[in-house]
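Take this structure first; my questions come after.
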Amino acid sequence: MLEQEDKILEVRQLQTHFFTDEGISKAVDGVDFVLHKGETLGIVGESGCGKSITSMSILRLIDSPPGKIVGGEVVFKGENLLSKSEATMRKIRGNEISMIFQEPMTSLNPVFSVGEQIAEVFRVHQNMGRKEAWKKAVEMLKLVGIPSPEERAKQEPHELSGGMRQRVMIAMALSCNPEILIADEPTTALDVTIQAQILELMKTLQNELGMGVIMITHDLGVVSETCDRVAVMYAGKVVEYATADDLFDQPKHPYTIGLMNSLPRMDIDQESLQAIPGNVPSPYNMPNGCRFAPRCPHAKGICHDAIPELRNTDDGSQVRCWMYTPEWEDHSDITKAGVK
Amino acid sequence: MKTEVIDEKIQSPIRNKVKKEKWRSFYLRLQKNKLALVGGIIVLFYMLLALTASLIAPHDPYEIDLLNKLQQPSMEHWLGTDDKGRDVLSRLLYGAQLSLGVGFASLFLGAFFGIILGIVAGYYGKWIDTIIMRFIDILLAFPGILLALAIVAALGSSLINVTIAVGIFTIPVFARIVRGSTLSVKKLEYIDAVRSLGANDITIIFKHILPNILSPIIVQGTLRLATVILTTSALSFLGLGAQPPLPEWGAMLSNGRDFLFSAPYLTIFPGLAIATLVLGFNLFGDGLRDALDPRLKK
Amino acid sequence: MSVQTQVAQDKELLLDVKNLKQHFPVKGGLLGRTINHVKAVDGVDFQMNEGETLSIVGESGCGKSTTGRAILRLDNPTDGEIYFQGQNLLKLNKKEMRKVRKDLQVIFQDPFASLNPRQTIKSILYEALSIQNVLPKAKRLERIYELLEHVGLPADSIHRYPHEFSGGQRQRIGIARALAVDPKLIICDEAVSALDVSVQAQVLNLLKSLQNQFNLTFLFIAHDLGVVRHISDRVIVMYLGKIVEIADKKTLFQSPQHPYTKALLSAIPVTKKEEKRERIVLEGDVPSPINPPEGCRFHNRCPLAVDACKTQVPPLRNIENGHQVACHLVS
Amino acid sequence: MFVYIIRRFLQTIPVLLGVIFVVFLIMKLVPGDPAVLIAGEGATEETIETIRNDLGLNDPLLVQYFSYLKDIVQGDFGESIRSNRPVFDEIMVRLPITMELALISILFSIVLGMIAGILSATKPNSIADITIMLLALIGVSFPSFWIGLMLIFYFSVQLQIFPVAGWDSWMHIVLPSITLGAMGAAIIARMTRSSMLDVIRQDYIRTARAKGLKNRVIIYKHGLKNAIIPVITVIGLQFGVLLGGAVITETVFAINGLGRLIVDSIYARDLPMIQGTVLTASVIFVIVNLIVDTLYRYFNKRIELD
């Protein structure tokens, strides 16, 4: 197990809500997790589960209005980022905690050269002069495996391919040797062979630089390839929190199990897939009890009435499900629930 | 959980702030809608005046009364009389008919041909598009109102000719907007889906494209009415539109200009009438755009 | 599912695509003339039998969707022949083509863009029925309810508009529309790519059960190899406008022959240890389809390329029992 | 870039030919016989016929067009009916005045409009924003001839700060420039604001924030350069509106520029002069658009041709 001192980020009871014409959307509604030094934490879930909002909330990048962090703590190196001034946050962003995004096409400013966009980070956080910063930018491009970096640095984003642009984003994010890299669906917009390149690159750089990575993704495959620990999110809450090995060997929450069963397998033929029935609930109108209860094959009365806590289980993972509590009488359900 | 205690402390100030901000945004939204509402009311008000002008006008707008010329506003003549002793208020009321009538007529003319040209160019593309858009480019190469001016110069000065000229002047705007919207709707997959079902061009254009580009057309139409009214009154101001004794606002203003020093109200009131009507259409159009433009909706 | 493969071979030939080419002009220069072409599809040949599911996979820009659109004649191909039920579609005039469309339908990727936002579900389905005039007017409403039931939508959705449905439900509406005219071949263009996994599984199950029920033939265009492996009988792998490999599913996933197919399969991130392959990470990006590499289009990224690959275009050769590969190194 | 400019330049040739054709055609529609106008009242049928032959009015339409085109290209715009002087010479006397007025006005529009628009966009929904946007709304709604007259009434008649009319000193320039530039300033302000707000929603602004940049840097460096691109096009179009508006402003302020020449020629039914002036204004506008498009292209290298 990892030592307590290694903990670099702890998110406690984070709540981010959106106040819109249609009502209050509780996009993130009580999320807890911990990131340790050098590890990769995966946050996985389907669209609308709040995983991206969680990552944006850590750096306080939520557009306000309509979004607002209404509760919780984000403790980075012992201090709560949510109570910091905007000026302090600016010193942290891109320096100690950086972020890369899903769309490398739109995430780079189209009117500046990529070199300039990387150099800017050095100038802001390390007070470098223009020339020095440019030299460092070229070095960063080289580090992320861009061929002939001197020439590439002068180009504008539209002159690069999608994979190259994501490399530029990574170079920009890692410029100041951050302690945490938040990667929000970094490969979703890329083709599978390019995705393989980028994931490989991220792994190598993480080993070299030793930063902690929060990998936000909807792709269980990517989680399994890259993550040490995983938080599974559903409808604004973490429903399962475990090491990647435990999660894939022995998923516990019915949603996690459903998600894995939905995925077509590459090793055996299946006549039909075990889909999860129904749809994700609307964020404006969440069910009263467990948010997965309306789609859950095991749901009972209690599931519809009260929200279960995220509890520790015997093997050290955490799960938010009534089935794993003393209140649940019939424990044979648990054995029945497994992955096909 | 132990965090709950900490929560209480942090949450309450944040919650209050959120509440305050929510009220603020609600208030601002209301205000935005209020402006659009004001615009709508102004427009409706003028339409009502135009429709009932013959009933509510205190005097005959054409009745010349040289004994009472250039009178200051009074109880008898609320907005005074002009150089021929005609009641300014009555003339303004009848003028509303002209301004709105000419405005709607030339807008309709321009929109009708503009929409047809735009849809045909956008939907069929290729050489048809090239020919139509080159034609539109030529119309757009005339700066500002010069195209309308040149057409009026050719056809002769009259309100009908101004209507035609301003109508032609309005065609390019609609053609461009409709072409652009058609191109973006045409790319959507449901158009391909109905094509795969074997739908013909007429069905696709009228059932699947036109209803989905109506919002920009309506918004543009409202905003364009403002421009059209400005242009027609400008032409009348120059003496190229409505001819005396018609109580067209631009023409009235032009006439009042000669008495700017002695009777400024002859210039102020017709100008104010044009300005508020145009403002009404602009406010209303802006409001419509905010409501209908999905880009601004979050 | 080897039984199905056999059945497929016994069945009638439904679609025969010969030397299909789709070149889109690139304008430029002083006079805005066509100075080059995007060779989106550059000589593609394949056959489909009735009742089978044939998938086309490949990365973006490989020409898989363009192939689908050409078969539907949504774009007019530059060259080639497309025989559907023995008729060359490219020789038909508009009217004749309209008749053929009854048997040839499509399901699109984007559940938001693929339905007219201003039509109710009833109007969408009614339109499909009336354009092809498949049923007397009196029976159409009944048919609409039947279609909704087939795709698993409640009967009361009939008067609702697309925006009232979730992505997965919209995709079901799109399927109902395609199904309305009783087609033989349905082209599924990335039909489940935009959906979340749990909903994707629902739609995949639905497609499979409809296929069994109505003896449908699917041309399934996708980039997700997991989905493709699940749904297909046979698979075509495309790269930069050309087919690099065709094989039945089992052969393709168990013993891929083309180096590109191998790299593609190895790049899929998987969750289970037993599914893991040794990763082959390809270098560089897919070249531009405007000026594709000479010889084999994959040669500049291929770890095994030899001199011949740089100059000679490898033909698509049959190596065994319907397994075709376009590679100099595979004989 | 160079290829683009040349291409864009070549593209304007058919547009110019079209413009000349439209001007030519419009004047063919004019009721009445130009030969009668030139010959003056009471001329004999014979004289009129001679003039008609001289002017080529008996030739087929296209032949007339090409001979007109030939004259235009050679700088021969014909002779004014009113003054009997060459149209081209008269235009060259008036044009500098209008150009001066137009350039000062557009400069006024750009500076005022952009500053107001940026101020508005940086603090959306603030008091300053609402005030600026209301003013801009008034700017696009109030007729320029009325604004001009009101300015004269207040500043020239009541306060007696600026001269009522004419074009002699810089004092004469102020009111006409405000009159002519007000609508442009309002439109540019509205466009700048909406373009800025649009840009601020883009992903790369989020990236800039995630980098830890200051708000000021984000808005003025990352936002403005992108937001300005669509504003450039509007400025180009606004220049056209301004050239057209000169007709009104010059009439209101009694300035002897090109605009007033157009109106006076219309009153006098001076056909060659109407043709010449409208053509000149259009050609200037087409050239301005060429420049604007080139600038647009420079700022926005991503746009593909067509």
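We call the chains A, B, C and D, going by the order they appear; numbering starts again at 1 in every chain.
In this section, a contact is a pair of C-beta atoms (placed from the backbone, for glycine too) under 8 Å apart; a residue touches a chain by one contact, two chains touch by 3 or more.
Protein identities per chain, from UniProt: B = Peptide/nickel transport system permease protein; D = Nickel import system permease protein NikB.
Everything numeric here is computed off the predicted structure, so don't read it as measured data.
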Partner chains shared by chain C and chain D (touch criterion as defined above): A, B
Reference chain A; chain at largest CA-centroid distance: D
Chain pair with the higher count of C-beta pairs in contact (A-D, B-D): B-D
Centre-to-centre distance between chain D and chain B (centres being mean Cα positions), rounded to whole Å: 21
Intercentroid distance (Cα basis), chain B paired with chain A, Å: 49
Centre-of-Cα separation between chain D and chain A, whole angstrom: 54
Distance from the mean Cα position of chain C to that of chain A, given in whole angstrom: 32
Contacts with 2+ other chains: residues of chain A: none
Junction residues of chain B - those touching two or more other chains: none
Chain D residues counted as touching two or more neighbouring chains: none
Residue numbers on chain B that touch chain C, as the complex places them: 188-190, 192-200, 203, 207-208, 211-212
Residue ranges of chain D in contact with chain A within the complex: 202-204, 206-214, 217, 222, 225-226, 299-302
Chain A - residues contacting chain D, complex: 59, 61, 89-95, 98-99, 101, 103, 106-112, 120-121, 124-125, 156, 158, 169, 172
Chain C - residues contacting chain A, complex: 1, 59-60, 166, 168-169, 196-202, 204-205, 208-209, 223, 225-227, 229-231, 253, 263-264, 266-272, 274-275, 279, 281-283, 285-286
Residues of chain C defined as touching chain B within the complex: 69, 72, 74, 97-99, 101-102, 104-106, 108-110, 113-118, 127-128, 131-132, 174, 177, 181
